[in-house]
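Both complexes below contain subunit A, partnered by subunit B and then by subunit C.
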Partner chain A sequence: MKRVYVNEQWCLACHLCEYYCAFANQDETDMSTALKGVPIRPNIRVEQLGDVCFAVNCRHCDEPLCVKGCLTGALSVRDGVISIDRDKCVGCCTCVVSCPYGAVTPTEDGVVQKCELCVNTRDGEPLCVKGCPNAAIVWESVVR
Partner chain B sequence: MRYVVIGNSAAGIGAIEGIRQADPDGRITVISSEPYHTYSRPLISYFLMGKTDGERMRYRPEGFYESNGCETMLGVKAVSVDPGRKTVTLEGGASVEYDKLFVGAGSVPFVPPIEGLETVTNRFTFMTYDDALALKAAITPASRVLIVGAGLIGLKCAEGVAGSVAGITVVDLAPGALSSILDAEGSAIVREHLESRGIEFRLSDSVAKVSGGVATLVSGAEIEFDILVLAVGVRPDTALIRDAGGKCGRGILVDSFMRSSLPDIYAAGDCTESLDVSSGTVKVMALLPNAYRQGEVAGINMAGGSAELTDAIPMNAIGFFGLRVATAGTYEGEAYTDRKNGYKKLFYKDDTLKGFIIIGGIEKCGIYTSLVRERVPLSRINFPLIRENPGLIAFSRSYRDAKLGGAAI
Partner chain C sequence: MPINYIYPDYEIERDYDKCINCRVCERQCANEAHAYNERRGKMLADSSKCVNCHRCVSLCPTRALKIVRTAHTFRENANWNGQLINEIYKQCDSGGVLLSSMGNPREYPIYFDRLLLNASQVTNPSIDPLREPMETRVSLGAKPDRIERGADGRMVNNLPPRLNLSMPAMFSAMSFGSISYNAHESLARAATELGIYYNTGEGGLHEDFYRYGPNTIVQVASGRFGVHGEYLNAGAAVEIKMGQGAKPGIGGHLPGKKIVGEVSRTRMIPVGSDAISPAPHHDIYSIEDLRQLVFSLKEATAYTKPVIVKIAAVHNVAAIASGIARSGADIIAIDGYRGGTGAAPTRIRDNVGIPIELALAAVDTRLRDERIRDRVSLVAGGSIRSSADLVKAVALGADACYIGTAAVLALGCHLCRSCQEGKCNWGIATQVPELVKRLNPNVGYRRLVNLMNAWNHEIKEIMGGMGINSIESLRGNRLMLRGVGLNEKELSILGVKHAGE
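And then the complex of A and B:
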């Protein structure tokens, strides 16, 4: 299965992945119109301290504590992708407390949000990867 | 192979999914006293609030039993187990044979001794979908609701009915709200938040007697009510295993493979007690994530696979009217307190994070949970950094290369 991997040594902390992620999850087709002046809520986030920087998103774990702990059954694994059923989620945040990577985020909408590898977006493939200018985020099926 | 699964909730569903990982073909019979498709028990308060409905409360999709090849006996109570003949006797006398038996019977509400309790007709517990339906049918906009118990279940019930009744009073013997999982400061934040929504508290007090719609507290205070909800606590439902001669403490004793002391009988979830690795003690951890994970481990082992659960800890995520509370582990050792973004208290001892309480800014707090669960030596990470903000940046480069970069460890 293809996964998103992060090559820390290539990350420039440009945060473009965050913008591409926010864009991928919108209906608007022009990126600048879509993002102008709106606060973004990306599912991939860059962590940075001094010279160290890297992007973090859902690892789509083989042993997903978020899915196993989900109170409602809203989180499930579909073809290897940890997906969320927004109709079922009540925003209890058990997944937020369970995720070892901090990759599930509470929102004000009463449901949580997370990376679904863009399977339900226009592109159908992770846009953070496409938008990364330095191959610091890649989508590969290789076992490293 | 013939599997019998008693209980149709988180632990039982975990067992079914575990069995099917190792054995796609064996016959599975699910027996449950509740007559419903599996539903998410914690959602009963959201149901009262109108945030979910019978359909969306389903813990697994509609076709779950068919796609997992399960026969169901829903609305059927198991009354005894004969571990020698390997049979389960059902209410009405019929019996079912098993090769491997799973017990995920959950817990039963503890009913406190209160004088005159039997005279109260509008008296409820808050554990099941049926309880929620009955409560929903009984309340009116004029109802004054008295809830005995300021724990998770009592307060979730309060939140659930708050928009539909005239008043709510919560009584608890403990000095604070959610006192089993919060410290005094955290309790006060939660209590004040609930009070701001009109919920009244009578703490360090208890109901001595009820009569004609009036509850008299031990302090002498009197509270008029129309609806009484008893939520003082739950205890593991151990009856089936205890009566069959299985070892029980407060809950059914299980090992890390989820085997009970009886041959070919496994148990998991709220009916069991097991090791909390954050404190090193055996306890009842009546929480859904543990129930599911234990059930899954049991199922895999029942079907001849091999799985072990060695990292269970208590862990809670709770919200009340938008206020988020997250807790995990045990509260031992030194404490680091931070009030910049809500309230955060981290407890650490012997170079490990033992537990935490966070109210408000819970983003990424799962990283703290992983430190507790995996007992990560704090000397190996940048603790001064991570205690301020949870992040992977506080970990070693090699940890990140493995977890984010997919590098072999």
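And then the complex of A and C:
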């Protein structure tokens, strides 16, 4: 299945993916209106130390620890995408601490958030990939 | 700074209603023109640092930025314009020669824009290139002037080595050093996929790119940087660079700060040393000397590769080309005064050389008159801006064209003409690792391939309209051209009739 992969060689640490992600997860269709003056909570984050930088989001692991650890069944694997059922999440944050990539984050609403590969957004495909200026983030199927 | 004489030519305009403070402009500007002001909670810009390269504009996710020409002006004067006044101020500060990049930007006539192409009507049918075969392949090199037969009466193949192109275009010489590793990789991969050639320029060939050798032209210039036996034999042809359209009569100077690790290794000079190419080749002071170098290079490559001699279009270009054709060279490349550069003295770039259209027509005419046109192929460069320019160049007598500026535009260049600063925000004319990284060759090569494929479609379309199904039948076919608004002298040099004639 297609997943978001990040090629560290081409990441420029421009952080645009974070803003496109934050925009993708809003109903508002104008980016300025959606993001102006509000702190963003993206599901993809650029990690940087010295010259090394890359974007990190949910790896949609084959054996996801977050799903295993979820007390309520809010997290599940649907067609290879680890999805979240907001009605079921009780905000216990077991997934947050069990994810080795730090890809699940708590929110002020009491439920966690994570990358769902934009399957439920209006674009239907990851906006971080579309918005990456250097093709450092790609959406591909890699045969293992 | 007590007195600042220079007001920036361009100003950064930000629509604060759209700006979301994502700071991508700040992160992506190598000139540090943008900065986030914590106290005011907004992005601010210093236009004096802006080179108008559009990196920030192109990456701004909300289109909040634009660069506008400043309304600030000197008291108007038709003779002393603002640019001249500013240049005086700059030289008063620096005491140095003014440097510029890319081609001559001044308002000299552009003859391509005064030439119109023909099309078929009624008496000769036009051709639909989508339905009928249309040939844009060309073969460059000397043509034998007689058929030779062996003792058995069979024809002997006496065809000298040639370059075979899928379309009449090649990427111009741009050295590794003046442009980045990723830019070179993009050009090499695109040339390979397209079945054309790119040119190493005078910077040697990086060892990673030897595998693109069959689509590489290796250059030998006055500094001889990176030249060795393996290098000469790595390419499909060897080019002797005698001159460059942007700076005829001038050598090259790649500043020491660009001679970093791989560039230093490839050029075979120490890290940090300036790479200075002399103005002349110190072993060439005549056509006879040139002939010696041509044959030295042929000898070094066992007569398996054509030799190109590249010259700048200057006043006496036709006579010079005639000499080169007799020197044993297989291909003559002529570079017009609009041709690009990574750095040239401004006064040279803006005032030396002649238009490629006139030079090309003059050379083609001269070689035909002297019955030596078939001894060489002609390649024209120096601002072929579109497929239409290319078709017109072929009709004026070119076998193929060198594409330089258009190729770097494909890689993201915005013609800000600041290459000499070494801080190219698009990762092209720089050796700074975090800037070089901005040009992903996977993207760059694809854009080059797209551009050339688009041009090839357009060339076929234009040829079809003229009722010509092979680019070879268009070469030097000046009846397919008509001039508009040109005087008798210009028309006679171009060998073209006026529209309506």
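Descriptive notes on the structure:
The definition used in the following text is that the second predicted complex is superposed on the first by the 143 of 144 C-alpha atoms of A that agree within 3 Å, B and C clash if a C-alpha of one lies under 4 Å from a C-alpha of the other, contacts with A are read in each partner's own complex, and residues count from 1 in each chain.
Methods note: contacts are C-beta pairs under 8 Å (C-beta built on N, C-alpha and C of every residue); 3 or more make two chains touch, one makes a residue touch a chain.
Since we're looking at a predicted model, the values are computed, not measured.
With subunit A as the common reference for superposition, the partners subunit B and subunit C occupy compatible, non-clashing space. When subunit A is checked against subunit B and against subunit C, the one touching more of its residues turns out to be B. Once chain A of one complex is fitted onto chain A of the other, the partner contacts of A:29 are absent, as it touches neither subunit B nor subunit C.
Looking at the shared chain after the overlay, A:141 reaches neither subunit B nor subunit C. When the two structures are aligned on the shared chain, A:15 is found in touch with subunit C, with no touch to subunit B.
In the superposition on chain A, A:3 contacts subunit B only, with no contact to subunit C. Superposed on chain A, the gap between subunit B and subunit C at their nearest CA atoms measures out to 16 angstrom in whole units. Touching of subunit A by both subunit B and subunit C, each in its own complex, is seen for no residue at all. Looking at the complex, you find that subunit C touches subunit A at residues 17-20, 22-24, 27-28, 58-59, 61-62, 64, 433-434, 437-438, 440, 442-443.
Those residues of subunit A lying in contact with subunit B across their complex are 3, 5-8, 47-49, 52, 54, 56, 59, 65, 68-69, 71-73, 87-88, 90-102, 104-106, 110, 143-144. Contact residues of subunit B toward subunit A in the complex are 14, 40, 42-43, 46, 51-52, 56-61, 288-289, 292-293, 296, 315-319, 324, 326, 328, 362-367, 369-370, 374, 385, 390-393, 397, 400-401, 403-408. Subunit A contributes residues 9-10, 12-16, 19-20, 23, 31-32, 35-37, 51, 131, 133-136 to its touches with subunit C in the complex.
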